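Quick heads-up: structures coming right below.
After this come two complexes, each holding chain A, first together with chain B and then together with chain C.
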Partner chain A sequence: MAEAALPSGIGQPGLGERTVDALLSGRGIWPAVPAIFVLMIVAIIPFMILLSLGFSDIVVARGAIVSQTLSLSHLSNALSDPLYWTTFQRSLSLALSTTALCFVFGYPVAYLFLIGGRWTKRLILVLTIAPLLTSGIVRTYAWLVILGGRGVVNSTLMNIGLIDEPLRIMNTHWAVLIGMVQIHLPVMILPLIAVMSRHDSRLVEASENLGASRLGTLRHVILPLSVPGIGTGAALVFTLSYTTFVVPQLLGGGNYLNAATMIYEQVVFSLEWSKGSVTSLILMVTCLVVLVTIALLTNHFTRWTKGREG
Partner chain B sequence: MLRKSSLADTLGIGLILAVALLSLVLLVAPSLIVVIISFDTRAYVSFPPEGFTLRWYAEVFEQGELVEAMLNSLQVGVTVTFLCVVLGVPTALACARGRFRGTTALSVFVLVPHMVPGIVLGVAVLFAGALVGVSPSIWLQSISITVFILAVMVRTVQSRLLRLDPALEEAAANLRASPFQSLRTVTFPLLMPAILAGAVFTFVEGFDNLSVAIFTHGFRDRPLPVELLALVQYTSSPLVAAVSGVQIVLAVVALIAVSLSIGLDNVNE
Partner chain C sequence: MMHGPPGPATKIATAAPVLRIGAVGKRFGTTTVLENCSLDVSEGEIVTLLGPSGCGKTTLLRCVAGFWDADGGAIEIDGQEMTQVAVNRRPVGVVFQSYALFPHLTVEQNVGYSLRMRGVPRSEATLRIAEALETVSLSGFEERYPAQLSGGQQQRVAIARVLIMQPRVLLLDEPFNALDAKLRGSMQVELRQLIKRLGLTSIFVTHDQEEALTMSDRIAVMRAGRIEQAATPDEIFDRPATAYVADFIGTSNFWEARADGGRVVLPDGQTVETHLDGQAQVMTRPHNLHLGSAEAGAWKGTVAFHRSVGPLVEYHVETSGGATVKVAAMRQERARPLEDGAPVSISVIDPTLCAVYPL
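Let's turn to the complex of A and B:
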């Protein structure tokens, strides 16, 4: 039937027909060609352009580039600018502490998922996935409501008479950190749950039959087995919290500068293309370095499951 | 056996479970508080609320800019979903079923734009577009978000493909179905749940994405996240809470769609 609809296939069996078959059955690379084309045009080439902009002097006139010469000055300017160092240091420590805290709050949820019954598991899944489907701005706004001057925390504390004046929590480093952790928590929990649900339950049983306490089983069996999930979760949380500007912008007030808000200001407000490119590249490279480190650590601590899956 | 019920063990496990419960409350409480605030009668954000009104919800739909932003984001969401299905499903087929060298390389290649921070992709597209004279617009925004999120669609469909019983397709081939027939009548229906789940996630990304959108959106057609960001920064009325309320309702609908299409347990795959 299909052959009848393909004139080129009739009369010349062989290449034409085989090509069409390969195209339809997905045996060849052809079905992926449109996607590859689009990715080249909209991602790969723009990345290369970004790279070239970061390493050249450009003269922009009326939105178009008139001249471009190779130069390392933007990179060296950035590296000798103390503002860059403090900004990236702040972003990095914020993202790393967010990642660590997400693990601290997320891992117990995954443990509860492992030992919980069917409805506990369902409840955890719903509570974890639902926030991912709402926008980050909405979830950040919630923290404005909670931590604000007349927000939930302050009015509760004032009502029970613990404080007379509202505490200033908003626009501080703490507000940003709290928001970051809560917003990225689901991203840490999901991979942990995924790895937990693949656990071989006999290992836990064996450990408990051998007389290990629940805490001992957790430490010596469950935790080592979930290293791949921890790695994935940490990589995701780190990337997102290192490169977000919603939370710092809204909870940190106007002058809380992290790498992402810095890029935004350079590109959108002051239209410094080369500066923006260099900052983007530094962000990308530092992010990559941390991700590779996380991957190496994950690999190093992955036990037992390694041989089987490899 | 003795050690099993030791005090330290019970305390330790108890502490862990307490943190788990705290985290679960932490996941959902902020959204609940926003919904409560959205019905408050006062014109500023405060807690606890002092009355009940639907005024802010009415106002959301009276504000031309907000409605327009919602429609823009809806359009982006639909475009992104459509493009991800059209580009992503065939790519997943090639990755999972391909018998050419470099299927792994192809899978990795598709992941690249997703691994790069959205903000860097946004800046790169903005600059590249400016070089060739393509200015930011709702279409540039749509295609950029498509490139950013395509990997999710490919991965969802690909992992489903890898778990399909190859015997089904072999049976179709033995019954003399052409590759196209087999694809249409056997593989495709089996892939439908994965495609639907991927569609939900790509739609949500198209609708909600800020990191890519903030650099690529059209000057005149602002998407909802950009509009909301400005609104949150410059107003203090519960209006934003009402917009959030609308979004939370949409999220619940999306959640139900996901659980009906693939079941929540499979989201991770």
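Let's turn to the complex of A and C:
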């Protein structure tokens, strides 16, 4: 529409010229149009399809929907199916423990970045960012090598004589958890580093001058000030690990069922699109509930940033 | 109150100093930031470290606080060596340049921070916090966060936060920098009176000479990592030990002269005594010079520029030699100041107030 207005707008004042002016000056909603267009295609329309599939009975013939009638049966079936409950419980506990472990392992790294010298900082940045540049599938396969029956862990343990036969790590909950924590750790560390390096180093000096030990400073100054970073990191890690597919599929063996692998089974193997849609919607809603909780908690612990007007 | 000893050459130890800095040095890589800095601070004395940025004054302060380790020398408080004592165990309180208040803590929690770290019981802490806030007139602000305070109020919180732990030595790192010029003057007087009332031994760092003159019992002028002179403000102003100090503090006139037989002849014919021999430079302040009619003296010149600064008239007199001499005269309401271009002669009022420095 804007392109069509361009030729007529040149030289003669009128509607066309005003449209071009508005376009060029970036006023109104014009600058948002491309973004809205992309969002429509990749998010809003698929979401509508998901909703319509989830809340209707469909008949599929030769890969196309031939009839569709409104129905709540898929949702009620899902909610009354114990398999759903155990699967979502497993997904949720896996995601929450991944988030907690990422915090436990990530926070010391971020703290080391804060207090470390120039080379420590560089090393941490490289080690944090480099894995992000590698495909998640590749990194997951690496864990197969490490945790496998004849993998690095088992052969080392056997060589030093701690065990006689290989431990079964692969295809267990633990393998999935280890892989998840390693893969999502950078996503926790980076926001922590960003928030922690924004604060004045004099706050740490002031704290020590006022009699605090290193631990006291960490607990009473650095930790509370890094809450926004913890919130961001937790939200990212939780979302990624709650909805993850690759890690449970590869490290959990074929039988490890979490929300994402369940959707995969329903859509790809049993071709139950409506069932898959309902599972996806449940996944989305529960994920949002947790994210809102994280946001509320973060807000609660950063009250001091509000009310700057005296 | 104790005042500084009469001069650097005649240091008389009346009592053991609270803080003794002995021959402290500090290097960063190949750069020497502090060199052989020695300074004693007596009970209740306020000593200012004054110098341009990069002269090492903040470095010296940070070494006393323990944020940085000195490379050599001794730092003693009440006769106890501090160099091996951790930051959080030194009896030292620091007021930072930007105050470094904890943004996530209320005024009350900020002020009570050191008590909490030392495990002081809550009931006692509440009393002491109230008392400290009272001292800096901030009662009623307990629940505010630092971001909700003005610059002046933030500074007072920073001071209360340090006072509450009753430090033996108070260190202030350019605490007025973040304040606007108008507030600065009144806060300086207020802070000095407060420190004096509490009898705190203090080191104050600034690059602003007026601030130094207002705040201090004694000023240590620093240059390139060394202390050039440590003396009372009057002493520093009237008897600057080196040409650098004379130039840094106040307005000054310098000219070259020849010292012969322990005497230097001034341009107006008077003489000043010196222990130097050969080429030297002579310094005097503008208010030690007097302007007379052109015929009255031998040091002749013409007024090149004049301006009234409050009760004084400042003249820039161009001498026949081509140099510009600054002369300050009291403004007289009845007589008009000399016009630019007027021929004059300059005379020295008190030759003993002229200083002779090696060239």
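Throughout what follows, the second predicted complex is superposed on the first by the 273 of 310 C-alpha atoms of A that agree within 3 Å, B and C clash if a C-alpha of one lies under 4 Å from a C-alpha of the other, contacts with A are read in each partner's own complex, and residues count from 1 in each chain.
As a working rule, a contact is a pair of C-beta atoms (placed from the backbone, for glycine too) under 8 Å apart; a residue touches a chain by one contact, two chains touch by 3 or more.
Just so you know, these numbers come straight off a predicted model, no measurement behind them.
Of the two partner chains, neither chain B nor chain C is touched by A:Leu79. Once the two complexes are overlaid on the shared chain, A:Val292 sits clear of chain B and of chain C alike. After overlaying the two complexes on the shared chain, residue contacts for A:Leu203 are found with chain C alone; chain B is out of touch. Using the contact criterion defined above for the overlaid structures, shared-chain residue A:Val267 touches chain B, although it does not reach chain C.
After overlaying the two complexes on the shared chain, residue contacts for A:Leu225 are found with chain C alone; chain B is out of touch. When the two complexes are overlaid, the chain among chain B and chain C that reaches more residues of chain A is B.
In the superposition on chain A, A:Gly211 makes contact with both chain B and chain C.
The interface of chain A with chain B overlaps its interface with chain C at residues 208, 211-213, 216. By the touch criterion stated above, chain B contacts chain A in their complex at residues 1, 3-4, 6, 8-9, 12-13, 16-17, 19-24, 26-28, 30-31, 33-34, 37, 44-48, 83, 86-88, 90-91, 93-100, 102, 106, 109-110, 112-113, 115-121, 123-131, 133, 135, 143-144, 146-147, 150, 154, 178-183, 200, 204, 207-208, 210-211, 214-215, 224-225, 228-229, 232-233, 240-241, 243-244, 247-248, 250-252, 254-255, 258, 264-265, 267-269. By the touch criterion given at the top, residues 1-3, 21, 24-32, 34-36, 38-39, 42-47, 49-50, 53, 63-65, 104-106, 108-109, 111-112, 121-146, 148, 150-152, 155-156, 182, 185-186, 189-191, 193-194, 197, 208, 211-216, 218, 239, 242-246, 249-250, 260, 263-264, 267-268, 273, 276-277, 280, 283-284, 287, 291 of chain A touch chain B in their complex. Against chain C, in their complex, chain A makes its touches with residues 200, 202-203, 205-213, 216, 220-221, 224-225, 302, 304-305, 307-310.
Chain C meets chain A in the complex at residues 65, 67, 87-90, 92-94, 96, 98, 100-105, 113-114, 116-118, 144-145, 147-150, 161-162, 165.
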